[in-house]
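One chain, subunit A, appears in both complexes that follow, with subunit B as partner in the first and subunit C in the second.
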Partner chain A sequence: MNYNQLSLEQAPTIGTPLRFFLTAPVFAIAAALLLLFAGPDIFQSRWQPETLALTHLLTLGFITMVMMGALFQLLPVLAGASIPKAATISTIIHALYSLGVALFTFGLATTKTSFIKLALVVLIPALLIFLIAVSMSLFRAQSSHASVTGMRIAIASLWITLALGGILATGQAWDSVPLLRHITSIHIAWASIGWVTIMITAIAYQVVPMFQVTNDYPDISKRYFSRLIFICLLGWSATHFFESELANNYDWLNQLVIFTLCCLLIAFVSITFHLQIQRKKRLADASMYFWMTGLGCLSLSMLLYFYSEITRHDLSILIAIVFLTGFAFSVINGMLYKIVPFLVWLHLHRKLAFTNKGISGIPTMNEVISREKMLHQYYLHVVALILTVLAYFMPAVFFYPAALAWLTNWSLLFVHLVQAIQLYKTCLAST
Partner chain B sequence: MSKEIVLDVHELQPPAPMEMALDALDKMTEGEYLKMIHRMQPFPLYNILFENGFKYEAREGDAGFDIYIWHAKDKATEAFIKQL
Partner chain C sequence: MSIQSVMSHDHKRCDDLFSNAEQLVSKKLWDEAQLSLKDFCHSLLSHFEHEENTLFPAFENATGMQGGPTMMMRHEHGQMRELLNEMEIAAEQHNQARYLGLSETLLILMQQHNMKEEQILYPMIDKECGEQADELTASIRNTINSDVA
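== the complex of A and B ==
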């Protein structure tokens, strides 16, 4: 089979993904500031206004922001499927989405419904444009790689997350619309497992073997993993949606679904660890450490969740800390440290290869953000994570050190990304 | 008959494959072509090739893919590669 028929549409400009990557740490910094202002009480209940605002600053402002930028970049590279008019569409989505997240989280924190209403007017269209553009692109993708299947399922999950989130936010903003609180857990499940986790595993199928030079994931895992998780989520949603009708008679069904889900995710983590340990070139870098920390935390969060369901202990805040900052933030931080230097390096080569200037003066990928800088931020990230877990048990002692550690950590990430862009501009200006 | 330059990058960590390919292509003359042995399709490289007067063809190979690259104006080499 030959592949020269793949269409060579223009790859996205460097600005397309980078504007998302640079905005994300700003929302993370806002989240750290919110922690400082709200104080230790923010860990008391997940229903508090500040807790809701914090969760959405982290999930919409950072996690989804980076994933959007990454998809604009990765779809053409991994799937051979570019997003039509990516530069224009991404500019519109980025502007609407950033404004929407800022208004939405401010509205949630201050319980000012006028801000939530205004936010929904820009946030929902931004997500709809993004979802339609990516769905069309994935539908047309020629590649049958497991990553594309995983991405399709993750995007389907984001559609469901948005629909449920839209219903909840509308209920929060308008008194005339009932607030269906019982669908909150279903919204969280589709957001965290369906959207975030499946998307990260889909990206891992490509990125782990490519950047960490490991063997490929086993076929059985690539073929069935995301589909099985999707089925588990459907089952889990059904048992939660009909909770009152099912009463306690179907508790075993719920626990079986959760058990399967935990086993699947822990199996994925084990396979990835196995591949990383077996790899041919053992050059560990900060990105690899971020991945390993993240995957360890994914396993831990699933074990905590299973334990909380069996024992009926409410550990939702602790699980959220381990899952969001321990798993999602670690992996995404690690991905940013591969993608951003790679983009700077790639676009400098695109601009300078085969010109008089040549490629000899272009910094190597490792020089864009130095290994030491990335490692320092990794250590800070781990310290912040440990302090936050300790703050959950002893807020009086550890809460403010944890919040300050996150503020420093995310500011440092932001500075590193800005420095990488400055290096790109300096290299181009010197030609 | 065109001269083949083989570049086996299937065990190398990014961005080494692209760096080596660009280096080899910079030195490649008409009548020569590059056969790149890779684990995957290097989509970012394709854009650079496209913008700088090269043509390519990717075929399934032992390591994953064999990517043949030649100067777009070198019709003789193109015809030779098509026969392979």
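== the complex of A and C ==
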């Protein structure tokens, strides 16, 4: 067996993931500012320019941004496969991607197609380089763990999301290209369930037992879960793509697929809750609360979606609020609070352990970002989330408090991450 | 019994002991916490010794790889030993904040280390040295049995 490509190294350079982690809250802050400027009307329809811009600030600017950085960090550890020339590739991807997201969302919000055209020239290559690099790395992965299978499916979903998104954005930017609005729902499904949810579940198989010292997920769920969701998504896409041909005769098929999807995701949440309740590490922290809040919101968003499908109520904005900020943002925020302090410690250890100060001069994880600071931001996150749900029903009263709460919350996250990096630099400078 | 199953089982045992000590520190039950930490240190250090003195050399001999994954695993053992020392000092000084900061750091370091061993290195050792699995894991199984007893 050839072990030459095996990488059990601890991590790429600290800048590789951190540049993604630090940029993400900036886009979240931009999203909060957009909420404030756009006003309560932004919740009226998902097709409004500001709503489209807001969604992409959250999904591309924050969620995908962090997940990209995390993959550069986690692939060597989880899959035994690092991304070749990670430092150089990540710098290029980060620069192109950040510029692309900024131009794209600005173009969407202002309906200036020239910005969307310009954005696509940098955004699509950035995502393509990322996808090719990660796909090659996952293809070569040594580990046969369920996480790697889940990651492969999530990356395949991102390929599909990008293809559909590219078609939609091209239609939006160029008059000569038809805007195929009916594929929007399929694009959203692959992005939210295929890319975001499957990737988070794949990572959960590893990090829930790891961070919270729980038992492993049952084999059956690890083995079949991602594959079954992928099949559901294929079925769902087919029923939506051929919606007019199928008409009402096959409505039951669509509802069956949605029911199965909801059951699978709620089962995943239930298993995770069960493991967390029986965890051996009894000392809870903000990261665990973020996870639990996120998983609760995943279940809630699935129930809302199922309800909206059978009752024919359009709840898409409410589902988006609960899914994006309740589920994805919570889990990712919780992950950042474990990964960033650990990286600071790890890289300081590499550089300082052999100096005269030794290990005692290196701040521990809790000193990099204190438990109290993380908890305060968690409470603010929950307040912002509740206010936003209330704002959906009573925008006149709750919209601006909700937008301000998000602005404060994401600024606080940004400050905590910046302070962690400053501590890293101070420790290095003091030697 | 494969090397992977014996060693992974021992990781879980160490995790339990780690959590127990952390729980006692969080309640400031210092006498019990120090005893529990001692158990954890003993188990983790003997796990490292079995790897460094028996399993890794067997793998290195079978593959001829000296500076590969086993070198990185030894390096991480060194990092964990340093954290354990600091945790013992913090426990002696009844310094709860310092202890919990160190134990959180150790936990993540230990878990990502275990993950790499369980998913990549142990399967490789089983593949290269599987015929000697019983012989290689005999001493660690004895240690576990005597600790549990």
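In the analysis below, the second predicted complex is superposed on the first by the 417 of 431 C-alpha atoms of A that agree within 3 Å, B and C clash if a C-alpha of one lies under 4 Å from a C-alpha of the other, contacts with A are read in each partner's own complex, and residues count from 1 in each chain.
Throughout what follows, a residue touches a chain if its C-beta (ideal position, glycine included) is under 8 Å from a C-beta of that chain, and two chains touch if they have at least 3 such contacts.
On a predicted model such as this, the values are computed, not experimentally measured, just so you know.
Once chain A of one complex is fitted onto chain A of the other, the partner contacts of A:142 are limited to subunit C, with no touch recorded for subunit B.
In the superposed model, A:367 makes contact with subunit C only, not with subunit B. Legend: residue contacts after superposition of the two complexes on their common chain; A:110 is shown touching neither subunit B nor subunit C.
Judged by the touch definition given at the top, the superposed model places A:353 against both subunit B and subunit C. Using the contact criterion defined above for the overlaid structures, shared-chain residue A:88 touches neither subunit B nor subunit C, since it reaches no partner.
After overlaying the two complexes on the shared chain, residue contacts for A:270 are found with neither subunit B nor subunit C. Comparing the two interfaces of subunit A, the one with subunit B and the one with subunit C have residues 1, 3, 6, 8, 10, 77-78, 80, 206, 210-211, 213, 280-281, 283, 342, 345-346, 349, 353, 358-359, 364-365 in common. Note for the complex: subunit A touches subunit C at residues 1, 3, 6, 8-10, 77-78, 80, 142-145, 206, 210-211, 213, 280-283, 338, 342, 345-346, 349, 353, 358-360, 363-367, 371. Subunit B contributes residues 11-15, 18-19, 22-23, 25-26, 39-41, 43-44, 46-48, 50-52, 56-60, 65 to its touches with subunit A in the complex. Against subunit B, in their complex, subunit A makes its touches with residues 1-4, 6, 8, 10-11, 76-78, 80, 206, 209-213, 280-281, 283, 342, 345-346, 349-350, 353-354, 358-359, 364-365.
Chain contact summary for the complex, subunit C toward subunit A: residues 15-16, 18-20, 22-23, 26, 63, 65, 68-69, 72-73, 76, 79, 82-83, 86, 97-98, 100-102, 104-105, 107-109, 111-112, 115-116, 119-121, 124, 127-128.
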